[in-house]
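Presented sequentially are two complexes of chain A, the first with chain B as partner and the second with chain C.
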Partner chain A sequence: MKHSYKKFLKSCMVFLLIFLVGCRSDQLSLERTSIALVVGIDQSQEEGDMTIYQTNPVFSREATDTVSTLQTTAHSLRQARDNLDSQSAGTIVGGKLQVLLLGKELMKEQAMFEELDVFYRDPKNSPNARVAMVDGPIREIMEFKPEDKPRLAVYLSDLIDTTHLRENAVLTTLQEFHYANFEKGITPAVTEILFKGEEIQVKGSALLDENGKYVFSAGHLESSIIQMLRKDVQEPIPISLVVEKPNKVLSVGVTRIKRNIDVSYKDDQLVFDIDFKLKVSITENTSSLDLIKDSSRIESIISKKIEKKADKLIKKVQDEKIEPFGLGVYVRAYEYDKWKTFEDDWPEEFSKAKVNVKTSVSIIEHGVIQ
Partner chain B sequence: MRRRRRKIKDLIQEQTPSQDEVISTSLTINKEYLDQTPNLPGLTVREITIFDGRNALVTYIDNISDTPFISQNVLSPLLSTREKDRTVANVITVPKIRLVNKWKDIETHLLQGSCLLFLEGDKDALLVNALKTQKRKPMEPANERTIRGSHIGFIESLEDNISMLRHFLTSDQLRIQYTFVGKENKTKIGIVYLENLANPEALEELMTRIEGVKYKTILDSGELEQMIEDNPYSIFPQFLASERPDSVAADLLQGRYAIIVDRSPSVIVGPINFNSFFQSIDDYSSRWISSSFIRILRFISFVIAIFLPSFYIAIISFHYEILPLELLLSIGQSRREVPFPPIIEAFLMEFILEMLREAGLRLPKSIGQTVGIVGGIIIGQSAVEAGIVSNIMVIVVAMTAISSFVMPNPEMAFGIRFIRFPMMLVASFFGMVGIIIGFMVIVMHLVSLESLGTPYGIPFGPLKWKDLKDSVIRFPLWAIEKVKTSRSN
Partner chain C sequence: MPNFKNNTITLTQFSLLLYGTQSGIGILSLPRDLAEIGDTSSWIALFIGYGLSVLASILIVQVMKNYPGDTIIQLFKRFFGKWLGSFLSVCWIVYTTFGMFLITVTTIFIINTWVLPKTAPYLILLIITIPSFYLARNGLRIISRFSVLVFLFTSWMAILFMYPMFTGNLLHLLPIIKDGIMPILKSVPNITFSFLGIELLFIIYPFLEDKSKAVKGILIANGITLLSYLVVTFSSFIYYGPYEVVEYVWPTLNLVKPIEFPFLERFEIIFLSFYLLILATTGIPYYFASSFSIAQLLGRKDHQLALLFLLPVVYISFFFFTNSLTNLDKLGNIFNKVGLGIAFILPVLLLFYGWVFRLFRREKT
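Take a look at the complex of A and B:
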C-alpha cells in the first residue's frame, strides 16, 4: 500500500513536470484565423510580379459583410501571404482552401507548376482545393457578391463539382495537379471558368502542357471525351445532338460505358485501338425519328458524332504536343522497353501515334412515354 | 464528573459480580446485577411467578426486542400453562432456545435483541432470540431498473438478501462463508459463491483482504469495497455493486463472489472486468439483436462521453481543417462572439453540467425539475445569447451528458465523467496528439488493472475469443451459455 502511494506521488510529479514546462504551442484558435477559402493568382502590371487575391470568411457580429477580399502584389505566393497577413486581422491559414483560381493571361506566359510550390511544401495547406483557370480578369470574380448565391467559396466549389458530375469539365485538385505534373504519361488539365455578364460559368477544361502552361481549351463534350478516355466518369453523361436542322434535337444519357484500350506497334508506329461500348437511354426526342424503327440509325448517329468529336480532339491534341488522356500509362504498362526510350518527351511521341476510336452504341431505354 | 462516575463504577464492582463471572442461582443477585450494569440502557426486567410456582425474571431491551413476540411466545405460555410437570423449555413456543450463564454473553445477546429468562435455582439462563427489525419491502432499486425481469431488490438485512439469492439459485453447490469486519462494531458479512464454478484462489485472496481490514466500523458495502480493492488510486471501480438479486445470481453463475454486508442493500461482486460494466441484466431477457444494438450504443456513448469535449477543443484550437466547410463557417460564427479560449469555455460548461447533476441528485422531485429548467433554459439558451459560450459547445455538453447517463453502472459513469477533464486539458495543450496519448494512457491503465487478481481487460486484453461473444455484440443465448455459466475468470 505504501509503495503504490509513492508511485502515485511520482506520477503526479511527472504530470506537473510535463504540464508546467513552458513551451510554444502551435495552438491557433479558430476565431483568430483568417481562413483562405479562395485564392486567385493573376498577371500583374509590373514585370515578374503576380497579383494575388484571397477571400476569407469574417466571423464578427459587428461586421455586416461576411466575406473579406484581400489583394497584394508579390513575386511568390509565400511572399504574398506575408503581405496579406499584415492586412488581415487574423492569421492566414490555407488548410481549408476550396478553389485556386489561375488567370488565363498568366498561364499563357508562365509555367504555373513551379509557382504553386508552397501549396505542396507546407503540409498545413489543403491538397483538396480545386484548381481552375479563369478566362478573364480574376479581380471581377473575387469581388463578385451576388445576393441570390452563397458565399463565393461555396458557390464556386459547388459549381465546379456539379459540372464535373455531369462530365462537362474535368475536376483537378491540387493533389491531382501535382500527379499530372509528376507522371510522365499525362499532361495536366484543369477546369476553365468564365465570368460573363453577371454570371460565373464553367466553360469546359483548359488543357496545359507538362509544365502547366496553358495550351488550348476544350468544350463540354470534349471534356466528356477526355474523361471517358481517362476512365474517370460518373454516369450518366448527357449528350445532345442536333439531328434535323435547324433545331430538332435528340438527347441521350450514357448510362454505362465499357472501355477497352489496346496498345500495339504496327510497322514501328504506336497504335492505340480504343473501343467504347456505350449503353444509352433516350432522354429527349423532338425530331421525327422513330425510336423503334430507326434505332440502328440513331445508334450510328450517336457513335459517329462521338467518334468525330474524339478524332478531332485527338488530332488537335497531337498538333499541340500535349496528352491529357493519360494514354502514356498504357504504353508504360504494355510496351515498357519502348516507353523507356521516349518517356521524357511522351507528348512529342504521342503526336506521332495513330489513335483509332471505335464507338458502338446500344439503346437500352426509351423513357416512360412508350 | 469522571471522578464521580468512577466512584459509582467502583461501588458496583464491590457489590455485584463482574462481567466475567457466571450468573447466580439467586434471582435477587441477578436482578441486582441487571439493575446496576451501565451497559444495558433501556432494559426491562419483570419478575413473575411461572406455572410451576417458581419465581423468574424476564428481561429484554425494549427498543431492540419484539415485545408482542415476547408476550405471546414467552410470557403467555409461562403464566397460563396448567400442567405443572412440564419443563420450562417445553412450554416456550419458539423454535430455538439456548442456555447461557456468563454475564458477558448475556449482555452481548441482550444488546442484540434477545430475551432472557432467569429461573430461581437454575445455573443457566434461557435465551430466546426476539430481535425486532425494521425491514423495508424488497422493492425494485431506483437506479437499476429493468424493463423485463424481476422487480425485486436487496434490503438492509444479510439473511433476507441471502434468502433472495437462494430463490434464484437452488443449486446444492451454493456456499456461504460468514465473517465479521470492523474493529469496534462488528459487521457480519457473507460471501456467497458457487463451489463448482468459483475460483478457490480468488476466495483465498478475498478472505485475506477482508481479514486485513483495520477499519473501526463498516457501515456500508461501499466502505468495505474501498478497503479490499486492488488499486485504490484508480478511478475505475474494481467491484461491481448491485442491488438486484437476479444480476448478482447471474454473476455467481459466472464464477464470481458476492459479498453481502449486513445492513447494506448493495451487494458487491468480484472479480469483475471492464466489460461487465457495459452489461445489464436486461440484455439477456431481450432478444439478441436488440440487446446487441444497445450494447453497441453503450460503447459508442462511452467514447462520446470521454472524448467529445476534448475533440471539440482540439478541433477549435488545432485542427479546424477536418470540419466540412459549412460547419466550420457556422462554428466560426458562433465562436467569434465568445471571449474565452475553448478550454475555458468547455470547462465552464462541463462544470455547470456536473453541478446541475449533483444539485438535482438529492433534491425532492418537484424541486429537481426546477433545476432542470434553470439549467436547460437559463444556462443553455441565455449563455449563448449573452456570448459566454458558443451554441456548438452547448450541443457538445448536452451530448456528453446524455452519453454519460447511458452507462448502466453509476460508479463507472462517474469514472468516465471524471476522465473528461484531464482529456480536455491534454487536448487543449497538444490537440489530437494529446487525445491519442490520453486514450493510450487510459487503455494502458485498463489492461494493467486487476480485480481480485484477475485481469480487468478481459476479454479484450488479454484477448479471450470465447468471451468476446458476450461483449460488444451479445450473441444468441445458446451460443453464449458456456460463457455465462463457467469459470471464465
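Take a look at the complex of A and C:
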C-alpha cells in the first residue's frame, strides 16, 4: 500500500515537472503569431529613419486575404518590430523569415550590416533567410499580389533559388552575409532584384564594399564568373554567344569547371594566376558553324569570351576597390606574412594586384544531332 | 568499504563516465576560446592538452594505487590526520559542490537563452535537479550506466558536426602554424580547462573493478574527449574562418543553427535537448562526488541524506546568484583555476608526500 502511494506521488511529480514548464510562458499557438516571411527595409523620408515592411500569412477563416502586409517607420529593426507588434493581431515571429529585402537607395547611403544586428543577436531568428537588394521602391514588391503566382515569400525565395541554381546570381543567406562582413579576405555580394512592369526579375548580383555599402551591379554572366571564382558552381552555367551578326547564336552550358588559383609575388606585386578548365556541352546552334570541323575555333571563341568578361569584371572590381571573389583567403593561406601587413585593407591591396585569367574549353557533347 | 562492493564499474563504464565528466560546458565556447588566443593554429594545442591531461590522470592513479579502496577523503585522513584531513576534505567537498552548481546554472542559462526565454529559471532548476537526485542516489554504477547510455545516444552528433566541414572553406586552416609557437602554447591553459573532470578520479578510482586497466580507461576517456574537441574545433574553423568564429558566444551552437528542415525551424533545439544529456553526465558525477564525500567524511554508509542536503544548498545559492554571462564567466574562471590546482598540482604533491610518508612509516615500524 505504502509502495503504490509513493509511486503515485512520483508519477505526479514527473507529470507536473513535464507540463508545468512548457505551458507557462513560452507557449505560442499558431493563430496568435504573425510569422514574418518577407521583411523589407527601405529609405524613409525622414532623416535617420527607415521604413520597414513585413508580410505574414494570415491564419483565419474569416479573413479573405491570406497575406497581410504591414509597414512602419523606425530607427532600427527591433523598434520597428515593436511598432509592428501593435499593428498586427499576433506576436511577430522571425524564425521563418525567407527573404530579407534591402532598398538600393538605402544601401548606397548606409552600411546595412550593423542594422541587421538583431537577426544575429536573437537566436530565435533564422540564419537561412536570403538577403536581396531591390532596385526600386520596396513598397511595390511588398504589395505585389499576382493571381498566377504563389504568395510572395514562396515566389521570391523560389525565384532567387532557381536563378542561383543557374548561376545567374549569387545567393547570400544571413549567415553568409555575416561571414562576408567579418572575413577580411572578401567583400559581400547579395542578389539583386528588379520590379519592372508587373514582373519581379532577378537582375544579378549587387556587389558591396567592405562596410556593406552598395557599389555596383553585376549582370548574369558576371555573376556566373564571380561564382566560378568562388568555386560555388554546381549546375551548368548557360552562356549564349552571337557568332554571326545579327542573330546567329551558339549556346553552350558549362557543365564542369576545374579551377586552379596560384598566388605569388613577382617584383613585390601580388600576382594571381587563375586557370579555368571548362567542359562545355553545346545546347543550341543556329549559326553556320560546323560543330565537328570548327570545334577548336568554337572552343577558342568561348574561352575568349569568358576571359574578356572576367578581365573586364576584375578591372572594374579593382577600380571600385572591392573584392567579392574571396581571393584574400588564398593570400592568407599561401602568403601569410605578406597578408599580415595589409589584412585590414585587403580590397585596397587587391586593386594593385595583377590577375591573369586563363581559360581552356573543351566540348564534351553537342546533343543528339550533328 | 561496503559501498564499493556492489557498485564496482567495468572498464567501459569507467572510461565513458570519465569522458562524461570531461566533456561539459567547455565544448560550447571552445572554438572561440582557442581562436581568440591562438588563431586557427590553436588546434595543435589540443594535443598538448590531451598529453597533460593523461599525465595528470596517471599521476592521480599512482597516488590512489597504493591504497586501493580509499577515496580522497580517506586518503586525506590517512595522510594528514583527523583535523587537517577533515579540513582538506571540506575544501574538496566545496569544490565538487561548486562544480555541480556551476554546471547546473550554465545549463539553465543556455536553456533560457536558446530554448525557453520566458520560463522562470527556478523551474528549469527543478527539472534538472530532481532527476539528478534520483539518478545519483543509486550509486556510481547507475551513474556510469547512464553515462554509457548517453554516450551511445549522442555519438551521432559527431556526424552532425562534420557537416559544416564540407560546406566551409578548407583554406581557412592554412597556414597551419600562423604566428609561430607562442600563441599555440598560450592557448594550452585554456584547453586544460576543457579537459577538467579528471579530478573526479579521486572518487571514481576505488570503484573500478579491475584496477590494472585504469590507465587504459584514462587513455580511452581522454581520447574520446580529444576527438570530440577536434571535430568541433575543425568544423568551426573551416566553416567560420578565423575572423567570424570569435564573434559568437557559443560558436558550437551556432554551427548547427543553419541546419533547417521545412518542418523544423530550429534544429539547434533538438541538438540542445540531446546536449542536456551530455551536460547531465558532467553535473551528476560532481553531485555524486560531493555527496559521497560528505557521507564518507561523516562516516556514513549511505549518501542519500547528503544528496538531499545538497539540494537546498543549491537552491538557496541559486536564489542569490544573478545568472548572467559575465557572472558565469567569473565563476567559470574561479572553478577552472581551482580545478587546475586540484587536477594537476595536487596529485604531484600527494605523490611526493605519500612517498615521504611511507618512508617515514617504514623506519618507524
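For the reader, a short list of remarks on this structure follows.
The rule we apply is simple: the second predicted complex is superposed on the first by the 346 of 370 C-alpha atoms of A that agree within 3 Å, B and C clash if a C-alpha of one lies under 4 Å from a C-alpha of the other, contacts with A are read in each partner's own complex, and residues count from 1 in each chain.
Heads up, the rule we're going with is that a contact is a pair of C-beta atoms (placed from the backbone, for glycine too) under 8 Å apart; a residue touches a chain by one contact, two chains touch by 3 or more.
The structure displayed is predicted, hence computed values, not measured ones.
Once chain A of one complex is fitted onto chain A of the other, the partner contacts of A:Ser126 extend to both chain B and chain C. Judged by the touch definition given at the top, the superposed model places A:Gly95 against both chain B and chain C. Touch criterion met: A:Thr173 reaches chain C, while chain B stays clear of it. When the two complexes are overlaid on their common chain A, residue A:Tyr336 makes contact with chain C while staying clear of chain B. Legend: residue contacts after superposition of the two complexes on their common chain; A:Phe8 is shown touching chain B, with no touch to chain C. Once chain A of one complex is fitted onto chain A of the other, the partner contacts of A:Glu147 are absent, as it touches neither chain B nor chain C. In the overlay built on the shared chain, the residue A:Phe182 is in contact with chain C alone; chain B does not reach it.
Contacts of A:Pro57 after superposition: chain B is touched, whereas chain C is not reached. Overlaid on A, the two complexes show chain B and chain C touching the same residues of chain A, namely 25-26, 95-96, 124, 126.
On the chain C side of its complex with chain A, the touching residues are 113-120, 123-124, 126-127, 130, 169, 171-172, 174-175, 178, 240-241, 243-244, 247, 253-254, 257-258, 260, 265-266, 268. By the touch criterion stated above, chain A contacts chain C in their complex at residues 13, 17-18, 20-21, 24-26, 95-96, 123-124, 126-128, 173, 175, 178-179, 182-184, 326, 329-330, 332-334, 336.
Within the complex formed with chain A, the chain B residues making contact are 231-233, 315-318, 320-321, 325-326, 328-329, 331-333, 335-338, 341-342, 425, 428-431. By the touch rule above, chain A contacts chain B in their complex via residues 4, 7-8, 19, 25-31, 33, 35, 37, 57, 59-61, 93, 95-96, 98, 124, 126, 151, 153-154, 157.
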